[in-house]
Amino acid sequence: MGWYYIQGILILSGIYLMAVLGLSLLTGFTGLFSFGHAGFMAVGAYTTAAMTIKFNVPFILALLIGGLAAALVSLVIGKLTLNLKGDYFCIATLGFGEAIRLILDNVQYFGGARGWPGIPLKTGLMNVIIFNVIAVVILVNLIKSRHGRNLQAIREEEMASQIIGINVFKYKMISLAISAAYAGIAGGMLAHYTGFLQPKMFQLIKSTELTIMVIFGGLGSISGSIIGAIVLTSLPEVLRAFDRWRLVVYGASVIFIMITRPQGLMGGYEITITNIKKLISRITSLGKKKHTIGGDN
Amino acid sequence: MSTILALKNVTKQFGGLTAVGDMCFDVKKDSISGLIGPNGAGKTTIFNLITGIYNVTEGEILFEGNRVDGLQPYQIADTGITRTFQNIRLFKKLTTYENILTACHYNTDYSILDAVIRNKKFRTGEKKLHQQVQELLEIMELTDRKDAVASNLPYGLQRRLEIARALALKPKLLLLDEPAAGMNPDETIRLMNLIKEVRDRFNLTVLVIEHHMDLIMGICDKIVVLNFGKKLAEGTTQEIQSNSKVIEAYLGEEDVIC
Amino acid sequence: SPKPTEPAAIDEPTEDVDVEVVNVGWIGSLTGDQAVWGNCEFNTVKMLFEEINENGGLLGKQINVIGYDTRGDAMEAVNAVRRLTSQDKIVALIGPNASGQAIAISSVLEEMKVPGIATVATNPKVTVDDNGQVKPFNFRVCFIDPYQGAVAAGYAKDVLGFTKAAILYDVADDYSQGLTEFFEMTFKEKGGEIVAKEGFKFGDVDFRPQLSKIKEANPEVLFMPYFFKEAALSANQARELGIDAVLMGGDGWPSEVLIEMAKEAIEGSYIVNHLDFADPDVQDFKATYTAKYNLPVELNGYLAYDAVRVLEQAIQNADSFDSVAIRDALKTVSVKGITGQINISADTHNPEGKDAAIIKIVDGDYIFQQKYSAE
Amino acid sequence: MLKVENLNVYYGGIHALRGIDIEVQEGQIVSIIGSNGAGKSTLLNAITGIVKPKEGLITYKGNEIPRTPHKIVKLGICQVPEGRLIFANLTVKDNLMMGAYLRNDKKKIEEDLEKVYQLFPRLLERINQMAGTLSGGEQQMLAMGRGLMSNPDLILLDEPSLGLAPLLVRTIFEIIEDIKKMNKTILLVEQNAYKALSIADKAYILEQGVIKKEGIAEEILQDKSILEAYLGKAH
Amino acid sequence: MSAFLQQMINGLSIGSVYALMAVGYSLVYSIMNFSNFAHGGVIMIGAYMGFFLMTALELPFAVAFVLAAIGAGLLAVSLERIAYRPLRKRNAPFLYFIISAMGASIFLENIVVATIGPTFRTYPKVFSSTPFQFGQISVGRLDAIMFLISGISLMMLVYIIEKTKTGMAIKSTAYSIRASTLMGVNTDRIIFIVFGLGGVLAGIAGVLFGMKYTVYPQIGFITMKSFIAAVFGGLGSLPGAVIGSILLGVIETLTAGYFSSQYRDLIAFILLIAVLIWRPSGLMGKITEDKA
């Protein structure tokens, strides 16, 4: 296996990781489930590509503009839908995600449904890594602050959050906007990695894949999301050898994970230096007994 | 003593049902007042109206002289009113410590940007919060359970944690909805003392709903009795205990055992 | 259906190109709506290179064909070509079997400097970019849509004598859009009238709202420039709604499946095709293929055959497996294919002067009418 | 009628019931008292099959009870659960009818429905209201009423007086005595120990998953030391 | 005028396809409170079963139809066993069910691709393709049949749910499995019945869909629309599902017929969002207020 190929998988994992980190904030820490994140990726992707191609904006700046555009769109969507309960919110986001795609289908300026080839290839391993490191730091710092705690309170118990003075709607908006910005940047990186954009790339199934990654890693665990993104992005590549059984295996694994380990790989735990130390001391005290990270069942 | 909370002709209807009708009463600052009445009389509904969870159909609610009806629940919390719930609503998967810490968020004002770059403002703010949590844990005698996940706490402690969480807001008015439900007599008495203590320490005004008459009679300066969404009586504990309408509708003839 | 070669079976490709085995890539739909075509194309490519290998290979080397499925999806096609060019180190690519995918991958071929020969991708943009610049590494062996559209329009107007045409097309497909555009242009130029033009999107199965509108416009001929599945469904629905116009399609139609699905509805329809299936020149190939795979040859098989011949010739002319050298050789290749003489033009990378074959569906059979060429 | 022997229940690592033995005679009221978290609800849940004991034998009318709750209900055992568990999405009436789910005697069901309305006139007033919007006390009445609708032989009550107004608390205990008069057997879990003991024939005191004391209810009620030790010093 | 009527007929016919799919969807939602995205997969398998029973085994249509419906019902029930029951026993949040369902749908689609192959198949002709002709307007025979079958199955379902004890048990189980158990409801059986019924409906929808269009592994995709229709009408409300479907079919058709066919799907989704904003629980869904 050539380095070029491995690098490709890493870049792709990194791109999805970016989106998954955002979704993790929304789903894992705020308790909102979105099936429309592919839509935000699409907004970011098309905006970024338009910036670099049509307006000659430098790539990094264009990415940020792409993220911003996705965040702005998310604010409009949030304004309309964040009051919906549970599954209806989920479905509304699904509707929006699909609507964004269908609108792009009709924007001939970007090639419409047929797609937009020839986007310059600018996404490299280096800039993906840098963006992700920054994204993780921002996320961790946010979560370990009063603002992050407010989000988690909303996840746990919405009415009680109101009562302790949390502006639930505002915080949901913030969470949605940040996660959309992450997805938007991911979209921009994707555009400049594949060199080709087509609205079809951002179908519902993409949103689902992102959610699967978050859940696979474990809701409310950033390290889980990171592992989830990398494992699940490379899985289909690794499974290419299975040929047409590839997606059969993929589908079966999704079910298998859900029914055997529904709390996800990390089950809400984080890999941190202190946790690793704890783990090591536990392992040593347990003697030779094998132990998984995060312990609990 | 001045009036801190006033309900003026407050009505709440659900479809055709008038859950609360033309309700008027005042709560004096620094007092402990009781709200009692038969099941379904509209007590919880009044709490829901005061805290903005339901909108009033008619009438006004004044807090420290300002209208609060029509505000969002979080805005009402801003003005200094908070509550506990009849059906406990803790942040179930968070620990005792985290439950209180979250509720302390008011007492610092660093922004999201401050948090992301971890500047001085953030660090001093956080430090303040953690100190406050420690204090509250001690007062509410929860220190030894601070790392327990809320949903695993025994019922009694869960109720106490709800009160601690409410206190973290440094409220002026605390509404307690059946804080002693599911507690045995002994625990009820301890709770009663705790409420008094907390009131003195934090300069609180308390409005409490209870069906345990020991508690109500033991701590309330004033009692409002509801029946069918209307005010049936209002007065001191003695007045209420001897009020024949109250006895008929709520207390019953014999001496009630908690 | 036959299994594609397992990419897993390939040994670690060495960085050095000068080894005994050289990789040639293929992509196309092995699954999805056009799987019948993709499979036939892949089978053909594999079969021909096996023959070549048996006869001593090319320039003394054995050729290994690596193929990936695109599910008919442009994005998948891009991924597959990236993998072929970077990991599998192919020297040239054959396929894919539709314009949408071919246009999407063209920039990857340019970036990786690996030449590709499209089989049946007829949209002009496959080899030429928006500014009319030819794409250095993209070639094809079929005629293009301006020509195909003109042939269809010309035949409808001049030979069949229709003056009122309607078009139903797939907005999500480059091929369908291109063909529509050129049909419309020529038909109007020739004095005909387009009385209705309606779109749908890939994946749709119900076309009755659009067809009802078309029916209102009362056309004499209904042009349906898209693939056979949609063609069959929409033809059935058109008849059901009482549209009795003559139906006409492009090279997206020819397939056994079409007849199977819509035998009655498409009776008497016309198709613009790349070749006459009954042409004596193609019978050999047809026989060998059917003997080997026990399947009929689909349209793509013939063009894949020609693509292999073109590539073979180019490699021999270049006398090297260097991708750039092969590209240079491709620019001037001239071989006799089974769909006609193929002279690649250095300016457009298209074969020059290939005639179209008009086919009529009679009694559920593809019956050749005449060669027809638009001037 | 009901016999529980050496019952052990675990929640993960928590050993919630440690070798419980109890016995309920037909026609009796048996009270189980104990502080929060003692395991009272767990005991009832184990009897109705909601939680699966790790060890132990439960026999009803001499036969070992089945494992699945719905089969247990069929035997005539009915639980009015803690926290009410009414069907919030059904009307009051439908909730009551769900109580009679296993019954087919239409006439008798109508009669019992009338009886429930008599006991709890408030429910009649709210007959078409969605149960989820009832007040806490109303929900408790509904849960009781629903339990009665199944016309059980053995009825398990888990803190039926929780959240009820004083007057109603008394009514509830009267109703419990009425139910007993209807020749039913009652296993009662209560915080309100005095009330519970005063109507019971027999009582068990449960502490941290272990039976600390059992005996005739009246005797326990007289025993000051027990009262102080297990029921608090308040009285 | 006749053009308009024809478009209305088209809309009704598309709507009844959606309805057949949406009702099964909604039924499962009404009890499990999650969107069973594997429903599309069951429809697809149903369509294949009908096809092979008729072609490979050469069974008469009626027999194949019934067997395919039963087969799909069994498939749905087994899916419940494998993919949902373990989650149910664990009280997992609804999203986990959705994800598991999506996994199932990916699995079903691709197992068909891998085994039967990706090409599409055409049903043998059962009903004549000559439509009923009313002046200028034509109504396809199959369309009329589908319309009828959606109507009948809906009425049967509504009867079961609203008028029978089993129906009440379905509703109570939907709310709380635990409490229902305590009423003596065999909740496993209720869930079995619901999934079985949903599966049978899916099978019926699959066969009819296959006959009308074709059979291919991606049929499930079309259920997206019926899902929208179900949300539209109010999730969990069966009449809502049908009304939503018919409305969606008609609106889509009119959009395509009088506005632009490209915007057909977009309009569908915009409508979905508009309805949710206007009525957060769909046209016929119940709005429940959270009670403190």
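Points to keep in mind about this one:
Note that the chains take the letters A, B, C, D and E in the order they are written out, and that residue 1 is the start of every chain.
What we mean here is this: contacts are C-beta pairs under 8 Å (C-beta built on N, C-alpha and C of every residue); 3 or more make two chains touch, one makes a residue touch a chain.
Because the structure is a prediction, the values reported are computed rather than measured.
Steps from subunit A to subunit D, minimised over paths through touching chains, total 2. Seen from the C-alpha centroid of subunit B, the farthest chain centroid is that of C.
Subunit D has its Cα centroid 76 Å from the Cα centroid of subunit C. Between the Cα centres of subunit D and subunit E there is a gap of 43 Å. Averaged Cα coordinates give subunit A a centre that lies 30 Å from the centre of subunit E.
Along subunit C, residues 30-31, 171, 201 each make contact with two or more other chains. For subunit A, the set of residues that touch two or more other chains comprises 105, 159, 244. Multi-chain contact residues of subunit D, defined as those touching 2 or more other chains: 133.
Note for the complex: subunit E touches subunit C at residues 3, 6-7, 10-11, 13-14, 17, 113, 117-120, 122, 129, 131, 133, 138, 140, 213-214, 216, 218, 221-222, 252-257, 260-262, 264-265. Taken in their complex, subunit D has these residues touching subunit E: 48-50, 68-70, 73-74, 78-79, 81, 85-90, 94, 97-99, 101-102, 130, 132-133, 146, 150. Remark: subunit E residues 33-35, 82-83, 86-87, 90, 92, 94-96, 98-100, 102-111, 113-114, 224, 228, 231, 235, 262-263, 265-266, 269-270, 272-273, 276-277, 280-281, 290, 292 touch subunit A in the complex.
On the side of subunit C, the complex with subunit E involves touching residues 1, 30-33, 35-36, 171, 198-201, 203, 205-206, 208-210, 212-213, 215-216, 229, 232-233, 236, 239-242, 257, 260-261, 264.
Those residues of subunit A lying in contact with subunit B across their complex are 137-138, 141-142, 144-150, 152-153, 156-157, 159-168, 174.
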